[in-house]
Amino acid sequence: MFIVKYIKEVWGAVRSLLKGMRMTGYYFTHHKEIITQQYPDNKAILNLPERFKGEVVMPHNENNEHACTGCTACELACPNGTIKVITKFEIMPDGKKKKAIDKLVYHLELCTMCNLCIIACPTDAIKMAQTFEHSVFDRNQLTKILNNPGSKIREGVE
Amino acid sequence: MTTEELKIKITELLPSAAFEEGGEWLTVNIGSADWLSFAKQLRNEGSLFFDYLFCLTCIDWKTHLTMVYHLTSTLYRHNIVIKAKLNRDKPEIETVSNIWKTAEFHERESYEMFGVNFLNHPDLRLLILPDGWEGKNPMRKDFEDPVNMIKL
Amino acid sequence: MYRQTEIIKDSSEVSPGGGDLEEGGGAEFVINVGPQHPATHGVLHLVITLNGETIKKVEPHLGFIHRSIEKMCESLTYRQFIYVTSRMDYLSSHINNHGCALCVEKGLQVEIPPRAQVIRVIMDELTRIASHELWWGAMAMDLGAFTPFFHAFRERETINDIMEETCGARLTMNYMVPGGVMADIHPNFQKRVKDFIILFKSKVDEYDELVTGNVIFRNRMKGVGFLSKEDAISYGCTGPTARGSTASCDIRKLYPYEVYDKVEFEEILETGCDSFARYMVRIRELRQSIKIIEQLIDNIPEGDFQAKTKAVLKLPKGEFYSRVETARGEFGVYIVSEGGATPYRIRFRSPGFSNLSALDHMIRGGKIGDLIAAMGTLDLVIPDIDR
Amino acid sequence: MWSLSKITDTIQNWLNQTFNPTWALIFEMLIVGVCVISLFAILGLILVLMERKVSAWMQIRLGPNRVGPKGMFQSLADTVKLLVKEGLTPGGADKLLFNLAPFVAMIVAMLLMAPIAFAKDFQMWDLNIGVLYVSAISSVSVIGILMAGWASNNKYSLLGAMRSGAQIVSYELSAGLSALAIVVLTGSLSVSDIIYSQADGWWIFKGHIPAIIAFVTFIIAVTAETNRAPFDLAEAESELTAGFHTEYSGMKFALFFLAEYVNVFIVCAIGATLFLGGWMPFHIGNWQGFNHVMDFIPSSIWFFGKTFFLIFVIMWFRWTFPRLRIDQLLNLEWKYLLPISMINLLLITAMAILKWHF
């Protein structure tokens, strides 16, 4: 029967459309399903997981000491040339010369947060920080020196 | 077919084929002139039936170029690798885009990246490089781009 | 040396309707879809020749996001080059990394610890779900329905959060390293994945209600972009694109890697050969991926997450090829090694490139709306095509 | 109880007493003109905000919530942005037609306001062929779109305009036939007659199933006529980027945007008038007590309530359904809607002759 088939077709089509409308209608009336996060407002409760890869930092202890020996393992591991280790020779109290870092230059603008430098570091001197708001007005501000001015290598780190 | 059987069959079809050891799959070295007729046999021979060309590429060995074709059969699930040596100054090989249609795009890519000239290709134009590209082929080992390439 | 691409006149040179729209008319109506177009999801440039609204020819122009990753990898070490591959098919970055890691491991002949294998497979399947979710939303948006996009992102966001907790990033994780994974899973990982499975199962039926059953959607999809099995194989189509044409090509089944031969799942095949079949393959694959994760999530073996490898990896002289199944199809990594610390030549066989080449064939004679629908079901990721 | 008609009567009486009849008429026209334009602006602001909120809630989002309390001034801020934006005219465009097109779209929408009864005895022009006037004028809107598409010198625009031409002309038919069903039942083309005929119940209840079918067809047809999703092929942002208004920017684009929303308002107002009794409160036959209680709600609230309900339904369509393809769009009209509405009209005519309706 042509007419029966025709009507069935129309009815089936309308039913499928109504099903979809029921779905959107449900979400229209159920506002607790809303998943929007209002970003700058929720900063206080925004918890990033501790593994989040935001930028490379070098932790210093309270005596302004870090654990970097200047071995350039991170520089070699980096695929993008993000890290540049500039070393100098410090004269120890006993008169020996010892290699130490002068500056650890980190180009945030080149970094892809691949985590390879952190793995390569033998002394865990660098780690990933959970910051993510990196926008600045001048590109030069993205080139960072990771070691604090006047910082020294921690005792006992070889 | 197992690798050994394939080897026998291919020796029958193309006595000049040289086999290479060590690879995961059977690797056959052929002359570039034999390629078109050999490819047709590979595709149409009932017991081979290599109907799926899953990788087509070129390698620049600084002295010569090598075209590498990875073939598989969706019926028998055996794989084969075909290699053809090309002259680096005038690389030319017959197209297989009429046998495996996927080769059309892959050959266009090899054409612009390595400068391999595919004879009888229906539409051999630049695909990825910008229109009016002049200069060397970017994937060749001696390619230097002082502007866009950063040396670390 | 090169034959020039024919230059397409821009609209200011051709007066509108300057071409005769009737059949047999003099000029053809050429439209540039892209490089900036809402439906190309990136910078794909399609030059379509029209007769009225009927498509006569589609010609892709690529390269807007070509970075020559293959060349870049030639100067990176075997540890370093893996991270670059997440920038190709960014939606299945785990799986791309996985393919590269497998290839390096094949060359190094290292045995991957069982724990790492299971973690890798779970991550792959989570990535596949996330990728299919995004595809589902984006495809519905191409067809003019906006709401599915946001509904899809709700579940995808949960996966991203899980990834963020364990891998430290949401999109380009770089979690796979030669020999295993970079870090052990987070203590919360198993619980969160189980929560996700429960959430996902309750929401996936909504997808059918909102889109799959919809009569407008079905009519838009059925019979559109026909691709026969022979053509699908000949064009090198893989993944859901080929499986919608009954061409069996699931690498996970045919050439199992890691623990795929130990888990139970179906290879989805549809017989429709059209856009709707490709759509159904992906929708059904979502459930298969969940099935795989369910089998593995409670059975992660104890042990190392990484095999011991040397500090500097050197592959022996030779050629290595590995294939994995990404969300879009077969991803192949072909490494030619000269014995050094960097590959001599790397070739990435990307699924999108081959799938795109079939577009012209499958869309001729269709309408502009069909092009959008067919392109949506091909699930093109442009960086994957251009590399 | 206050009513809008009393206010208009007072103004008219005062004008007639103060000035001679010609000047009074001119002043009345000016007042009406100012009212229409301000109604336009207000409707635009409200409907845009409503659309954004409706879409947001359906898409589990929050929607605009920054400008003003709960984002209420968002559309105002958008208007300011559009006002200060440069209105570009493409180089190869037909400048006259290009700049004229938005105004054509706008003027058509304004003309359509005339026969709409916003409240009891509050109508700009109660002409005796109100329904015919509406269907005649609304088909002019296609000219604005065709002009825009042609003059833009853009292939996307041209395709969009051509699609829209085919679409609007086809869907006029079933919209007209569905409206005709009510005209047959009422026996009058005048808007006020149609409303008064629904004093004992709205036509959608009085006309049995055929009236409901006519109502559904009408809603589908006017959704297509106003180029709203799922029939937004003229814009089709994922296919034709923005269709006929691809090249428009700034205030010219805003006029198109506004005209679209005002058109939606108008067709919904007409739908409400024809099927849901316009400003007529909800009356049931002879239940005097109930009807009296309903009369306490002002007629303007009834009218706007019904209209906004229909607008919401049309928005609901938009945020649920995918877009049709051009051939399916025409199939739907010529293979489904037109035959259905023709048979339906036949049924309604038989019903009207046999007096089967309530």
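Miscellaneous remarks
Just so it is clear, A, B, C and D label the chains in written order, and each chain counts residues from 1 on its own.
Here is the rule we use: a contact is a pair of C-beta atoms (placed from the backbone, for glycine too) under 8 Å apart; a residue touches a chain by one contact, two chains touch by 3 or more.
Since the model is a prediction, treat every value here as computed from it, not as a measurement.
Of all chains shown, C has the CA centroid lying nearest to the centroid of every protein CA atom. Farthest from subunit B, judged by the mean position of CA atoms in each chain, is D.
Chain centres here are Cα means. That of subunit A falls 25 Å from that of subunit C.
Chain geometry summary: the mean Cα position of subunit A and that of subunit B are 41 Å apart. Averaging Cα coordinates per chain places subunit C and subunit D 44 Å apart. Shared interface positions of subunit A, i.e. residues touching 2 or more other chains, are given as 17, 20, 23-24, 35. Listed for subunit B are residues 152, each touching two or more other chains.
Within subunit C, the positions touching two or more other chains are listed as 147, 154, 210-211, 214, 216. Listing the residues of subunit C that touch subunit B in their complex gives 1-5, 7, 60-63, 66, 68, 70-71, 75, 106, 230-231, 233-236, 238, 247-249, 254, 318-321, 323, 330, 332, 334, 336, 344-345, 347, 349, 353-354, 356-358, 361, 386.
On the side of subunit B, the complex with subunit C involves touching residues 22-25, 27, 51-55, 57, 59-60, 68, 70, 74, 77, 81, 100-102, 104-106, 109, 112, 115, 124-134, 138-139, 143, 152.
Residues of subunit C touching subunit D in their complex: 11-12, 14-17, 29, 31, 37-39, 53, 140-147, 149-151, 154, 210-211, 214, 216-217, 219-220, 367-370, 372. Listing the residues of subunit A that touch subunit D in their complex gives 10, 17, 20-21, 23-25, 27-28, 31, 33-36, 38.
Every residue of subunit D that touches subunit A in the complex is listed here, in rising order: 54, 57-62, 316-317, 319-321, 336, 340.
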